[in-house]
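Should a chain be cited, it is by its letter among A, B, C, D, E and F, assigned in written order, with residues numbered from 1 in that chain.
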């Protein structure tokens, strides 16, 4: 009774469970029904979950994000026509499961995430991390920096996440990119926020943000420039730098992502986000995360499906960019 | 206690219950509160439900689609300003109820749908069918073909639905248009998919699809060409052919249609779908269906209302195109 | 235990509770966590709720709208980067609570709303009212007229709301603007509907509407002209007139506003609505309302958040336009 | 296409649609899929809906109650083993549809309900009414009184509904039984509330209630005396009097009936309510209503199914008690 | 990155993931976070899912039951104080995953379930199966019979499930126990239904049922005899026979199990079901299933948690009864 | 516009807003619409919220509990017939709002809760606290101990909450009563758990628990002894000691309290809990809390209403027991 499910294997790369033999609603929900690491020999990309949400300032629940995104990924098929690539055939992708981090200590959790990411990168060329709240971007960037030096962060979010402290806490879901900039983890000449909107604490938030290394594409601009225009802005900013993409699902409008912790009206459409993410297939994409999916507020997996498709486009982009440099 | 409710009657055509006398939440929910066939003499268009979902590969529940779309249609009023037409005054539209088909046998159900459609077309000039899952498009196309010969199908969907078999089953919701093409029911020079997106099994899906007679407008193209551009593409493809329109509600983004069985992120906006459907008012529209509404996953009738408006636009288009040729 | 919560005070204007000391989920939900009138000396703008829905023709529940919009406004921060203004620092905004009106008598409720609005305007320069159903726009316009004479109404809605009677009732949520026009409360040369869509009773609805003083931007036009185009149309119509903005939340598509009473498919995106509302910062904005939020049909505050952001943009616009003339 | 669906007919009585030929999710949802009046010759019992909720003091929405209870009744089968009776074979039961009453005027609606009930009783021996809010019990009792003289009301509810006025309104969902008592419609020596619980305005509520003719079985007593004990109390109170049963669905605990307007914790279990209702099979049951189902607050038809089963037990009891005296 | 999670191991039996090291919301949801078969040497009990629902007559969706019950089982801890047993320490329990069966062919699926169960029983002493709809009880009983000869079935359900055919289909979720009785799989002198309620097709349903080998404890009786009384009735009926327990979750009232396909009001409380299931610890329990959990209709895992606790009590009972005879 | 709403005042005690003048859905939701402390002179009982949930081990969200319970308390009326007392007339009850505690530091939050409770008890005789997660019971007991010495805790819960550490954290929602016992805050001869059920980590949990000072009434026993039996057990254990009541809402079955963080099947009925809580009217009740309401998992306020009624019974009991000794 322990036999491995039938899988689609191409060029020696072990892919998803074969849906023509095993219905999509059958069996455990690894991401896209991909194999676990122990089912393969080499690993190019590891999908890993970080079920952690102690850094959330409003609606909690992103601790259930990884399992929800996985359940919402059962319908993903192996060929991406938009990029003309089979992301699981061109590279070996696995679902490495979840990092078990301390739910009661932000400080310890940050260390555990970094240790977990470092360990995974011993074996895998790249990580795609599913959160969890945005606090985890800091240890992930530490791990990225350890491998790649300062990276250009392209950050999709309604919020800047470059605030300083909150209730005296330096490490929360509102601060990862300030800390990362202070720690020298990011390349201040190449970072960018996409999708910013909604009220801020003050005009100084914006000036601080510039100093920390970010330029901004605001959500409202997309009506004018379209996803093509956003891609041009990203490309001009990032150029050849190693790019780390961090997607807070609240970059989407609440209609497209109700299941999140700090929703803001006026966001992106899902097709805009997906189109923009595809553009990383021609950049030097070294890693990515998708965070802040809070399933208790989702309905019919609207948010989970959007997140799983975002992950799929990022994996496809990784397949096309080859090994990170 | 059996008196007929007061109805809006124009030019001898019996229309919806009069909402200024009977509140919209009162009485049975026929589509748009239209009369049953036994309340009228002639019938131009029959709205008919097919509560069947045994052909679904993922989330079932479209068997409850017809009653849900009807409940969601209570707010429809008699005049369509976008097309400047009163669809229930220009033609006699009735709600012919549901076809009772076998829930345990796809094969028998397909026969029953065809027989039911054939019988309805004895009396009605055109059908607008509410599914049910997409399996039912095959027997409906058989019935169309019987009356009109090969038709140009314009198919709104996230998926191609030209796959071959699934678990050895040749007749499921993923295969109707391959079967229809194989059976010669459709005009291979004039068919088209609109709204395709999301992963496929492989690149061959697309080449097969071309051979089966379809061209494609992908969802991602709509950001560039707009609904006007889509209409031009449809018109160029379809020309004067008799057109059958098949709307899988998952052509809409999950934000606009959470209540469906195989949702894919990155879909159409509802206003785009409605605008495109209006264009059939100047084509030779011979029949239509709206399928894959799965109410258990809907919320506040978001999906049901979108489907009911799609139906309303198609009925309006039928009113303007006159009797099918 | 009665001490006032710590607030952000700028230039003597008492603003929201300080979120760096009191988490956003703590304490009572006044709008944007603003002070009550008794906590300040002068009042520029009063936010006031009217929990009333006896005028609803379909889904009731807007009586719970004010408390829902307030709960959904906890995340609003004090600086609006889109307009580069701090709306609570440039003017004194308070949450004046709810008007207690008779739930069983539309006639009495209308009088109570008018009396309540008149009383508030004794102290406050402007009102932003949260409904409640659209019936309340009539007494609010009476109060506006008393202070400003005939106003140009810019009305965001799927529906015209210029119908005559319904079940013999002259005062319902479908009639306020006909009554207002008949009573001379509005400037017939400067009024406008934005977002109209969906079926009507007949073509006469449109001709009546023109006579009553309204021009129309239909929802379907926005795909072509964008929110910029809408703003131009509004500005050309309204010019220097005193403007009253009335936002029925069903102007948004049901995907963006499921929690409402008479949803229509094909509506605006939230970012379009917000962009258009910002334009009133350069017009002569004398008052506004946001109505028809029915929380029982909302999910995860999608609708409530959209409404609270709409209110925030209107308050920001008021801050920039200075005292109404 | 207008043929009648196949029905189960016993002893000339036309029963539900045959579920072995037409699946339960097919076709319009009359109550228990029973015939309309025009499908039969004689009528013993008419099920009738009153979609009205303008008398509600808290959560509105019971206007959608009749259609929701009907949708929730699709699973009802024709034989009641608990009472060993086939309620649709022993008597002719029909679904007479809804009364269309004015949603904006309580006074006019009350007249319309009474007129409608009177008209139905011209043809049918008994009515089972589905609300709507509890306001409708007054005109129903007027109609009962007209036919039977003063009746003993057995009233299942969390609340007394013998309050006097609310906002000056004498006719609301909190007052029907005080008005009925004042008008002499009920037999003050034989009425009873079952399920009362939760806070009151004052001790005087109870003394008034006694004077108005009611004794009380409180919800908390049922843990001690069981449903058998409740039945004994009812029987002792009612004796041979003509009995009218009025079931406010909030007599059930919110766990069993979340979909209602003024829920109170600590209520009855559904099996207790059903067991008690069966006892009316040996009393002189002349009519009944089931009110206050508010579908917007229901989930998965929990409330609707409880209400439909309550109705089924009452119809079964009617079948066994023969024609009312 | 492939290391095994830390587990609680007692007496060589590999138990759940250690929740003091890995939070309960981390990692894949095997039942109770138990090991897979490949993580252990011997297997006493295998938990196995059968995601199949093509045999459903009303609300489909039980195909998602197995993954939902597993997600709802994350909180189960290793010691059962009610029976004073550690079910995962006294016997080796594993989660054997799901059987992949044909979603489009009831006949083929039945064969696949039987083959799967037979194969599992080669290695495991007993199975606890999570459905899926009740159709699967037939092949499971075939497999039981193959190993144990005729078994006494104790069947918890609102419905008899001994109907004959439906739409000509002999094998559906309404017929497994008639087929099993006809095939001689069950011991007609020892079978029993518990929790029966709601309407039937006719009185003959009951007489047929007796002939097929079942006695009945009706739901309504439990108010009188309590769960103790039910246990006495079961014990008297079953005696020393090998017992197979089949739990249709709709035996619970819809308040306790909204997430199911054919809900009936008036059902058991969850604590009654759990108390009764514990009694099998002193009978000869050879196997069990829990079926008809339809997650699309569940809320906050109410149904899933009830099902997971039912499973836990059955596993505890198995631990105490030792190897099946 | 700042006038105080009309209130019911009896014997100089300021009570709820008068619902015959201000509908229940109007105005801010203080608990039971009671006054704030600044609206009265003396305070007997202060209701206070603690929106904190960083100590939760599974589903978070109890930070939104206080506002949800307040919204769910709008229907509470001033007279409690079950205890024949008007709790707001016999004593001055106020809603003291929320304590603002650090969401990112359990240690700091615990200090803040204690400081907040101490400060409130300077003015108020007793506190009724609404959580928040169960972590807050520890600082509340410290505050109780400071005023009353060791108290007898009667703890309603599915869980013991006497575990030791979790992920090295000594202070979480699973440990308050162990810590309280270790600190000498509770009277080990008089404490009791009511409603315990579900699996434990091991048998030692129970022996530890006895040593820490608790006896147990398990949920399963209530079917046998009823709420009366539970009350006898409590009274025998507690006797004349000062009693602190701590209600974890998960003591109720998930059907009655879906909105909580660690639900366990087989729990109490709401009417049982309410009946038991009434018994404290004849004990020496010195304080109480109601915790673990997690609104994101609630539906239609089922859980919130149960919690608000539990609070109401405790306030009524306080009214009858007079000043704590």
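One rule holds in what follows: contacts are C-beta pairs under 8 Å (C-beta built on N, C-alpha and C of every residue); 3 or more make two chains touch, one makes a residue touch a chain.
Small disclaimer: the values here were computed from a predicted structure and weren't measured.
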Enter the minimum step count from subunit C to subunit F; a value of 1 means the two chains touch. 1
Comparing which residue numbers subunit A and subunit F contribute to their contact, where sharing over half means same and under half means different, the two sides are same
Interchain centroid distance [CA atoms averaged], subunit A/subunit E, Å: 39
Per the centroid of Cα atoms for each chain, what is the distance between subunit C and subunit E, given in Å? 55
Nearest whole angstrom, what separates the Cα centre of subunit D from the Cα centre of subunit E? 37
Which parts of subunit D, given as residue numbers and ranges, touch two or more other chains? 21, 23, 25, 57, 63-64, 103, 166-167, 253, 255, 269, 297, 299
Chains touching one another, given as label pairs in label order: A-B, A-C, A-E, A-F, B-C, B-D, B-E, C-D, C-F, D-E, D-F, E-F
So in the complex, the part of subunit F that touches subunit D is made up of which residues? 20-21, 23-25, 74-82, 84, 86, 226-228, 253, 255-256, 269-272, 274-275, 299-302, 305-306, 308-310, 312
Which residues, counting only subunit D, touch subunit C once they are in their complex? 53-55, 57, 59-61, 63-64, 102-106, 166-169, 172, 296-297
Within their complex, state which residues of subunit C touch subunit F. 1-2, 5, 21-23, 25-30, 36-38, 43, 46, 48-49, 51, 63-64, 67, 71, 96-100, 103, 119-120, 123-124
Tell me, which parts of subunit C touch subunit B in their complex? 57-58, 166-167, 196-203, 205-206, 218-220, 222-224, 253-255, 258-259, 262-267, 269, 297-299
